[in-house]
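Worksheet: one structure, shown below.
Lettered A, B and C in written order, each chain numbered from 1.
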């Protein structure tokens, strides 16, 4: 039986990554009662994740985490927001408890997740996302002496390579699908953006001794019960590399499920916000990756603007607009550099599973003309991941538009679906199949 | 304060550093976390609790996302075998 | 734009429209099916897929029993993704009063040749160990089954297409007139016969018929193989005096072949929007937990709603539409659309061809509900 609690806030922040932390910290400055709720066990989100093998945080991360601690924001860690049972109320679930969280204003800082593209063998154990493997290593996975191929696209690959290298992994190659000329333009433009994540990105033929292949992508993963080797495409040829892990992710997609559930409109797949980070729904703000993938610096600025605007400090918020413009230029640069090339649509073979929850193969999906039809007829996207893995993949492969979001935005314990409203005795009615209770 | 302790994965004692997740314990035990609906072995993919590939039975609770659960001493973990 | 000529145009590619297409095509008609969305996407996608014999009236029994037999005959040909599973139904009696109803149902079914079995509390717990303690027993109906309706609809449409039927998806019908349907882009499809199999919104196309939307909610869990073996339905509704017109919930759970549990059911009057109604959901879940407490800690993967097409006398409208010469109705199936789709198709086509229906069709004729012109 879930332990039930209620909390009330002036400002509730959903998401404890950089954007959420910045929003929460700034929102407390007016004396507002602020809460922050996040599914991870400690604040920091994905990018500032801590764990047994993680060294110290960067000074920027430490500084913000210190400010959060000092601010008096009520932190609800290990709780996932699942749905909105009533206006101004969110329901969040932990391992053995459930919360009703009431708010006046809401800041959605739900972050992003990796995009996965299917290829033969991608379901083998030890094929993980790039951020996925990094998270596992931070959570204690032994990696010293293991061979890790890193593939996909995005600055995350280099950050992961760097981190794993420091933990003692052997990295035979980084396979970046973007072409050399785009990466060169990206590197040249980076001088203008001294953000932390890009400092590890340098465009040389090698990064601390790790070979970088551009216009390169995975072709297949092989192994008996787990990964043993991969083949990658490089310079028009296929190359086989023996390895223990494949860390493969194709940049990031925004976590827009909760904003959409709450009625926020999207534009081009991102949450639409005005200058003050307000969504199309009154008193709901959105900051960070869901408004556009832009990295830590943009997230921190947007978060601050959202926290200030949610507490009425519009003049102070305006002070941050030009910083935001600058970091939005970086976001556009990211988009242009790491956009997916069409060759990647040719990666899956007919037998490649696209939906991993329900084991639906590419050949079965190709018959359908929409996400909705595919879901109904093959069950693709109907599993517990609710299409978070296969959705972005099918959007890329088939250009299918996603459809509506229903609660719960994440699997919930059945009993927690009933926490609100407080139950009253209810008439029992006819069974599903039409009983007539007024039998003569 | 010990820096490591024991959990049981499919009956075997596995030593894990403090602060490890159950998914890591399963990996150290050399097992996949689960078997897919068509019988494939599966392990963690996303590392952040959204892919559901890391599910196993933890202290009797099925469908537990092991990458989101910290190990505790004497935890009982069983994977689809 | 096609200038094909058709014998029949069926509006609605749900389970009922699909079944009609299948039978019309078998009998040699040139068929086109039109739907504004994809095959099986309305109530067909939202419902439980329970094939169940019901006894609220002789007419309801006749149609459900006839259809259940047709499903049993068809089962060998159903592809795997239809997930046909003869798991049976147990009508659960919580106390002695409800056991009296169990006996009445037993007699009713046995008199009509349906094999059923009264089970006592001990047998009930043997059959379903996860039910709460203190229940009295139930009625087991072993021939009831479950299936996955969107794929069943697709199978039936597929068979019709193999016989030359055409399918127009993403085409919304804005008007039905004699021997003609008009689509939202202005195109007209002409056929000798028009069938309105649209479901909950049927009255929009053939105004004056008494079809009302009855909203329902369902929850589906992750996979828990072996937890539940039969579809379980409570008899508790007998105690409610006013449930005919009041929003209500009932305990109704179904094991899917995947091992997922489908949790229902709810009924709402006058609800027009498809968003989840938290009050209904909460009450439905609480009711389910009263009968099966262990459901509470299971992982609920999805919650959704759907609209049943309800008629005042709880029998569908199958036959000529009042006020038209060439338009027929196959709608108003409430919670029995999946079950009775096959029987509906047969008796509809029999009416069109002047053939001999295997059951009496009078109780389902739309003309039975002809109302005064002024009564909207």
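We adopt the following convention: a contact is a pair of C-beta atoms (placed from the backbone, for glycine too) under 8 Å apart; a residue touches a chain by one contact, two chains touch by 3 or more.
What you see is a predicted model; the values in this text were computed from it and never measured.
Peer 1: Pick the chain whose C-alpha centre of mass, unweighted, sits closest to the average of all protein C-alpha coordinates shown.
Peer 2: A
Peer 1: Could you tell me which pair, B-C or A-B, is linked by more C-beta pairs in contact?
Peer 2: Taking the two pairs in turn, the one with more contacts turns out to be A-B.
Peer 1: Which chain maximises the distance between its CA centroid and that of chain B?
Peer 2: Farthest by centroid: C.
Peer 1: Nearest whole angstrom, what separates the Cα centre of chain A from the Cα centre of chain C?
Peer 2: A distance of 39 Å separates the two centres.
Peer 1: Could you give the separation in Å between the centres of chain A and chain B, each centre being the mean of its C-alpha atoms?
Peer 2: 22
Peer 1: Cα centroid separation between chain B and chain C, in whole Å?
Peer 2: 42
Peer 1: Which residues does chain C have that touch at least 2 chains other than itself?
Peer 2: Where chain C meets two or more other chains at a single residue, that happens at 222, 297, 299.
Peer 1: Among the residues of chain B, pick out those that touch two or more other chains and give their numbers.
Peer 2: Each of 37, 63 in chain B touches at least two other chains.
Peer 1: On chain A, where are the residues touching two or more other chains?
Peer 2: 383-384
Peer 1: What part of chain C is in contact with chain A in the complex they form?
Peer 2: Against chain A, chain C makes touches at 37-41, 45, 47-48, 50, 52, 54, 56-57, 60, 81, 150-151, 154, 216, 219, 221-222, 233-234, 236-240, 242-244, 246-250, 252, 263-267, 276, 278-279, 281-283, 285-289, 295-304, 314, 334-336, 339.
Peer 1: Over in the complex, which chain B residues touch chain A? Could you list them?
Peer 2: 16-21, 23-24, 27-28, 32-33, 36-38, 40-53, 63, 67-70
Peer 1: Would you tell me which residues of chain C are touching chain B in their complex?
Peer 2: For chain C paired with chain B, touching residues are 222-224, 258, 297, 299.
Peer 1: Using the touch definition from the top, list the residues of chain B that touch chain C in their complex.
Peer 2: The contact residues of chain B facing chain C are 37, 61-63.
Peer 1: Mind listing the chain A positions that touch chain B in their complex?
Peer 2: 39-41, 46, 51-53, 95, 113-114, 116, 123-129, 131-136, 139-142, 225-226, 353, 356-359, 383-385, 388-389, 410
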